[in-house]
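We just call them A, B, C and D in the order they show up, numbering each chain from 1.
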Amino acid sequence: MQPAVEFRGISKHFGAVKANTDVSFSIAKGAIHGLVGENGAGKSTLMSILYGYYKADGGEILLDGQPRQIRTSQEAIRLGIGMVHQHFMLVENMTVLDNVMLGTEGGFRLAAHRHETEKKLREICARYRLDVDPLATIHDLSVGAQQRVEILKQIYRSANILILDEPTAVLTAQETESLFEILRLFKEQGKTIILITHKLQEIKDITDTVTVMRAGRVIGAVQTADTSKEELANMMVGRPIENNLPRGAYKPGKPVLEVRDLQLKDSSGVPLLEDIGFTLRAGEIVAIAGVSGNGQSELMEILSGMRLPTGGEADFEGKPLPFNRHDPDGLPLEFRHLGIAHVPEDRLRDGVVKNFSVMQNTVLGYQDHLKGAFGLFDFKHIAARCESLLKEFDVRPPNPDLRIGLLSGGNQQKVVIAREVLARPKLMLVGQPTRGVDIGTIEAIHTQLLALRDAGVAILLVSVELEEVRALADRILVMCGGRITGELKIEEFDTTRIGLLMGGMHKS
Amino acid sequence: MTTNDMPRWATSIVLPLLNLLSALLVAALVIYLLGEDPVESMQILINSAIVNPEGLSYTLFYASTFVFTGLAVSIAMQAGLFNIGAEGQMYFGGLGLTVAMLTLDASLPWYLLIPAGMVGAALFGALWAFIPGYLQAKRGSHIVVTTIMFNFIAASLMNFIIVKYLIPPGEQNTASRVFSDAAALPPLNAWFPALGDTPLNISFFLAIVALVIYGVFVSRSSWGYKLRATGMNKHAAHYAGVKISSMIIVTMLISGALAGLGAVNSIMGSTHYLSLNFTAGAGFVGIAIALMGRQHPVGIFLSAVLFGALIQGGFDLSLEKPNIPVETFIFIQGLIILFCGAMEYLYAPALIKLIKGKKA
Amino acid sequence: AAPKLAIVYDAGGKFDKSFNQSAFEGASRFKKETNINFIEVQASSDTQAEQVLRGLARKKMDLIASIGFAQTQAVQKVAKEFPNVRFVLIDGVAQGANVNSITFKEEEGSYLVGVAAAMASKSKKLGFIGGIDIPLIRTFACGYAQGAKATDKKAEIVQNMVGTTAAAWNDPAKGGELARSQFERGVDVVFAVAGGSGMGTLQMAKEKGKLAIGVDSNQNHLYPGTMLTSMVKRVDNAVYDSFTQVKNGTWKAGITAKGLKEGGVDWALDANNRKLITPEIEKKVLGARKDIIDGKTKVIDIRSGAACPV
Amino acid sequence: MTFEDLHLGSIVVSTVRNAPVLIFAAMAGLFAERSGVIDIGLEGKILASAFVSAAVAFTTQNPWYGILAGMAVSIALATLQGYVAVTQKGNQLVAGIAINIAMSGLTFVVAQYFFQQGGRTPDLGEARLPYVTLPGSEAVADVPVLGWIWTQLLGGHSVLVYAAFALVPLVHWVLYQTRFGLRLRACGENPHAADAAGVSVERTRYMSMLIAGFLCSFSGAYLAIVQSGFFLRDMSAGAGYLALTAMVFGNWRPFFTFLGCLMFGFFTAVQIQLEGVDLPVVGRIPGALIQMVPYVVTVVVLAGLMAKSVAPKAIGVPFVKSR
């Protein structure tokens, strides 16, 4: 049978970077094909070429055996290719309906088609059990729901070849499972699916075949059934990946953070956090598990000084954190001076300034520590500090003058974590440290966090990945609906129980 | 295609020159259509703006004012604030300076008067920028709109104040009285007689000092770092502990103060009195300079000199060639801003090809 | 040899529909009659005025005519540096043994048109539209009001200014809008002293069938039928005379204030407004004119520090 | 001061008459900015179209030719802005400001070259747009309220006034109810999303700029061949900036922007009426100070009533295919 998609010798470079070098492989019709590789391996670039977003320097693409010129996204769409991008391609202030209609309006007057489109969307939602309200506005939706809108868009357009670039990075286990349900339905309908993910379990779970890329080249293409996670990891990174990282004995020290009765209401009085209380000790990692959007982000923001609670208090090393003020302007700096470091969940929004160089970003938040006479920086010192940081945390490429926006997400994340670790904090707040990060980098980040714990730092970790929670935590708090619904020791780790608590079942 | 593919000399020298040339080419065409010889006209222009020491001196005199207004707009831009109000702030700065002079010029020696004038100008300029800054920081009122409005308001207010309080009785001229000689900034021709009888004065050096301080603080200080972080990513700046609203207010205060200082050269360096609409658009020119100069001190300096040269050279040229009205140079200013500021990479593709072709 | 003459306009430029333009016309008349050329320059700022005056003085001009009060300080300064160059300053007073300052008694001419306006008005509501609220414009307004009130105690003056920046002299739309608004308030004669903006006023009067009064030069020809008259300010004569005096060697420095008596200001009566000026109006205006010239009527000049009496 | 002194009728009519210059320009700006292109060059386009329409109307003695010519020039300038924003990926603010400055100079130079009247065009005389007299005007003219409404408020304006007011719902419709409007808004909010959905960001932005140029030309034409009857240097006198203000004020939405335009027209009219009038409490406000009424009101309203204005997200950012 003709393969649905065939890449032949695709090459693409950006300046000096060779993103794709002579990439050739093919995907059978009706298959779910996995594409894996380290951050920056060239997966997204290749898919962008297929989708007409970038133009390849060389090589050709065959669809159903026909060589095709795909110069624009329009052409790709016409050829039945759909793509769910790594970063959502949604217009935030428009409704789901308008987002779906965009590009497939059906005629000049929207009103003429709005109604029938809405009806069709509702039908699709029902058939695929997608929980989306067509009339909701995007910015009111959770990430999971936004993801569903992206899928909805593709179903509506009845794409035959569907590219999914890291669709699961922001999804919960349940959401991922229902996405996979849909993908299986697609497969039954004879559609071809290309799935990019960093989670090898997912590759095992759903794909038929898998291609591994490294540094722009295809390293191998295998039948999923014939391989194992370990083997794939080995192919990707070029070395075996250690699953059980070494860690010192659990010896919790003095309480570092004591949270009592913390409350947060939004501007319209809806409670976001209620009665949050817990204690965090030196030398332990406490993980907060839960479906995203249940108050974890808000809690982290409060504890890092980015946001003020509407009630309750928290003691840091026995002294209350100064929550009694009008606005949180400048508060994050005060907290940092106390010894609280923060790796923010949304690194591109909060954690880095994309247009600053890597070196400039290593200063973010510590600008006042690093200033000398007249408030001027000692650039020699900063450069040396940055260089050692890049080396120690294996940031690639280790070029301090590169705009950080040009680094891969994983490497950006390493810079942020390195910066915060370097501050020798007493308390480290870490939000979603490995979202969208490849397994090699995950290993590196986890190693760093464990080393920090062993050095006696108290770490509060928020993660939606239970794998990650299991790998790092000493104790686990589960949050649901703005409350803490349960607490477990790591020895008591039990996916089912945690799942119940995440769903709001109280400790009983 | 990116300019990363090009060597530095190409992006920072060749491209701007090509763009400048294109603007001048269009200008030459217009001059030709007006019935004059473009080559000769350009010669006159360059000669009287740059080559002739007296002309150069005028060019630098105008540039000194423009450096301040350009800096005013630039520093606000660094924080992501588009301050269109430099005109009004400079106008108001002129009032501060004048108030200081009218009360002090009889009693203080020059070395105290000049700082007093500068303080007055900076203070009033800052004051006029404070309200838009405050409203942006605390109420979220769009700074572009409020500063435009404040230009209009300043014009009305100054009109009122000058006519009602500052015109000496019996005088026609809509201007304050002339300050005492002690209030005059020392002109540079005292040291360089070749400059001729021109108003170029020590504020040229003050402008250079301001540029250096600006350059150092924006790119090497912790405050400048916070400033730029605020301009590029407010969320990250908040995360970094920047007090965003006070940052906005302080930046606008500095911006206004710089615009106000623009009045020092115009008034204490040349006319020695405050007159209606003395700013003559210098605040708006500051916007063009900030944009063209990329908010970089060297860029600001070069743009300021270029604009000064156009005013001086254009003025001289229109004297010699009555067919070319001074307004032609307003048009040419626009062209230069367009080519050098907005279409800076017009020739990049061709240039890249050329460079690559040579190498191959 | 022919004298070397120069004329320096202020920021308004030589086509400002006001005193610069009038000066240009005077100089042109001189040139036509004598074939003696003159240099023209526009100084856009006070700094440039000084630069230009100095440049011209260095070229050993015989006479430099500076138009507009904005050049006062520049003339004073440069005249001191070049005692051998002669200067004429129009509309301002500068000190110097080589400066002739010529000002105009705008209040007297405005008084006359105020009289005419009050006579011609049916509603007895008179309009005044000025460019910017500055002493010169207030002088016009106050003279106008004095004339009107002297003619009819009940006459009411509605006054508007176009704006506060240089744009106020170039905003005919606003000039027209102000006139329209005044008409809607019952005004039926309007006096426009607003340079280019005044053009909008005169035009609006034409459109609405109301009367308008022009300023500076005789603007009666613009809209015959609705132009009641113009308050002419003979800057052209001042320039023409100065040039002639230099040519004949009779030029003298000093300070001259030109009123009705000296022919500096006047009202305009010509074929274009003949029909609108009834014999009664004409008689009344000529009477007022005579009284002023004879000194029987004193028109207050607010620039001397007096408040406007009406 | 009595109620009579306020001349409310006159203020309302004056508001209606003053608004079109701002409405056309603000609606033009709306198209540009909602598609993601900052249009600070409204002022220059108004000025250029005012000059060209006056010059051509005078030369041909036909106002409609004038309007067409003004349109051509305004569209050309908008296309230049589009070229900078879309093709060159240059700085849109710079382009706009450059156009404003260049046009301020060029219109003078060309006008001076052709007409020798100091950057003014000759009077249009009969070549102006006529005023519309509604049928039956004569009959109702003397009826107290109705007469005023029919002849002054509704009738007696140029066609362009009606066009301006009709434009607002039209713009609203195009923006929110058509395919083009949907794509345009998407390009202004998230061009990457639009692109991924198969919409050509380039084409949409160019189209929007064409429309912006087209609409803006009427602003200039209204100024020159309706309100003034000639062109005078710099006659736009800041109208472009005020239109921009109205748009920001209206949060980039047609009806609120329209309200912003009316607000300026209204307070300008009020200010005219207040000059020289003795007010209760404050007394007579000096002429120079009264000029600032509309601007002070704007600031106060912006500071007091309005929520934060939300510009289209992608505004001013060139669309480059990479993150």
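The working rule: a contact is a pair of C-beta atoms (placed from the backbone, for glycine too) under 8 Å apart; a residue touches a chain by one contact, two chains touch by 3 or more.
Heads up on the chains, UniProt names are A = ATP-binding cassette domain-containing protein; B, D = ABC transporter permease.
These numbers were taken from a predicted model, which means no experiment stands behind them.
Should one ask which of A-D and B-D has more C-beta pairs in contact, the pair is B-D.
Taking each chain's centre as the mean of its C-alpha atoms, the one that lies farthest from the centre of chain B (ABC transporter permease) is A.
Averaged C-alpha coordinates give centres for chain A and chain B (ABC transporter permease) that are 46 Å from one another. For the pair chain B (ABC transporter permease) and chain D (ABC transporter permease), the distance between C-alpha centroids works out to 29 Å.
Per-chain Cα centroids separate chain B (ABC transporter permease) from chain C by 35 Å. Multi-chain contact residues of chain A (touching two or more other chains) are absent. For chain C, residues touching at least two other chains, in rising order: 132-133, 163-164. Residue positions of chain B (ABC transporter permease) touching 2 or more other chains: 152, 155-156, 159-160, 163. Every pair of chains in contact is given here: A-B, A-D, B-C, B-D, C-D.
Interface residues of chain A, counted against chain B (ABC transporter permease) in their complex, comprise 15, 304-306, 327-334, 336, 342, 344, 349-356, 360, 363-365, 367-368, 370-371, 374-377, 379. The touching residues of chain C, when paired with chain B (ABC transporter permease) in their complex, are 11, 40-42, 44-48, 50-52, 54-55, 69-70, 72-73, 81, 91-93, 103, 132-136, 163-166, 303-305. Put simply, chain B (ABC transporter permease) touches chain D (ABC transporter permease) in their complex at residues 30, 33-34, 82, 84, 131, 135, 139-142, 144-146, 148-150, 152-153, 155-157, 159-160, 163-164, 287-288, 291-292, 325, 327-335, 337-338, 341-346.
Those residues of chain D (ABC transporter permease) lying in contact with chain C across their complex are 7, 9-10, 13-14, 17-18, 21, 117-120, 123, 223, 227-230, 232-235, 237-238, 268-269, 272-273, 275-276, 286-288, 291-292.
Remark: chain B (ABC transporter permease) residues 58, 61, 152, 155-156, 158-160, 163, 167, 169-175, 178, 197-199, 266, 270-273, 275-278, 280, 315, 318-319, 322, 326 touch chain C in the complex.
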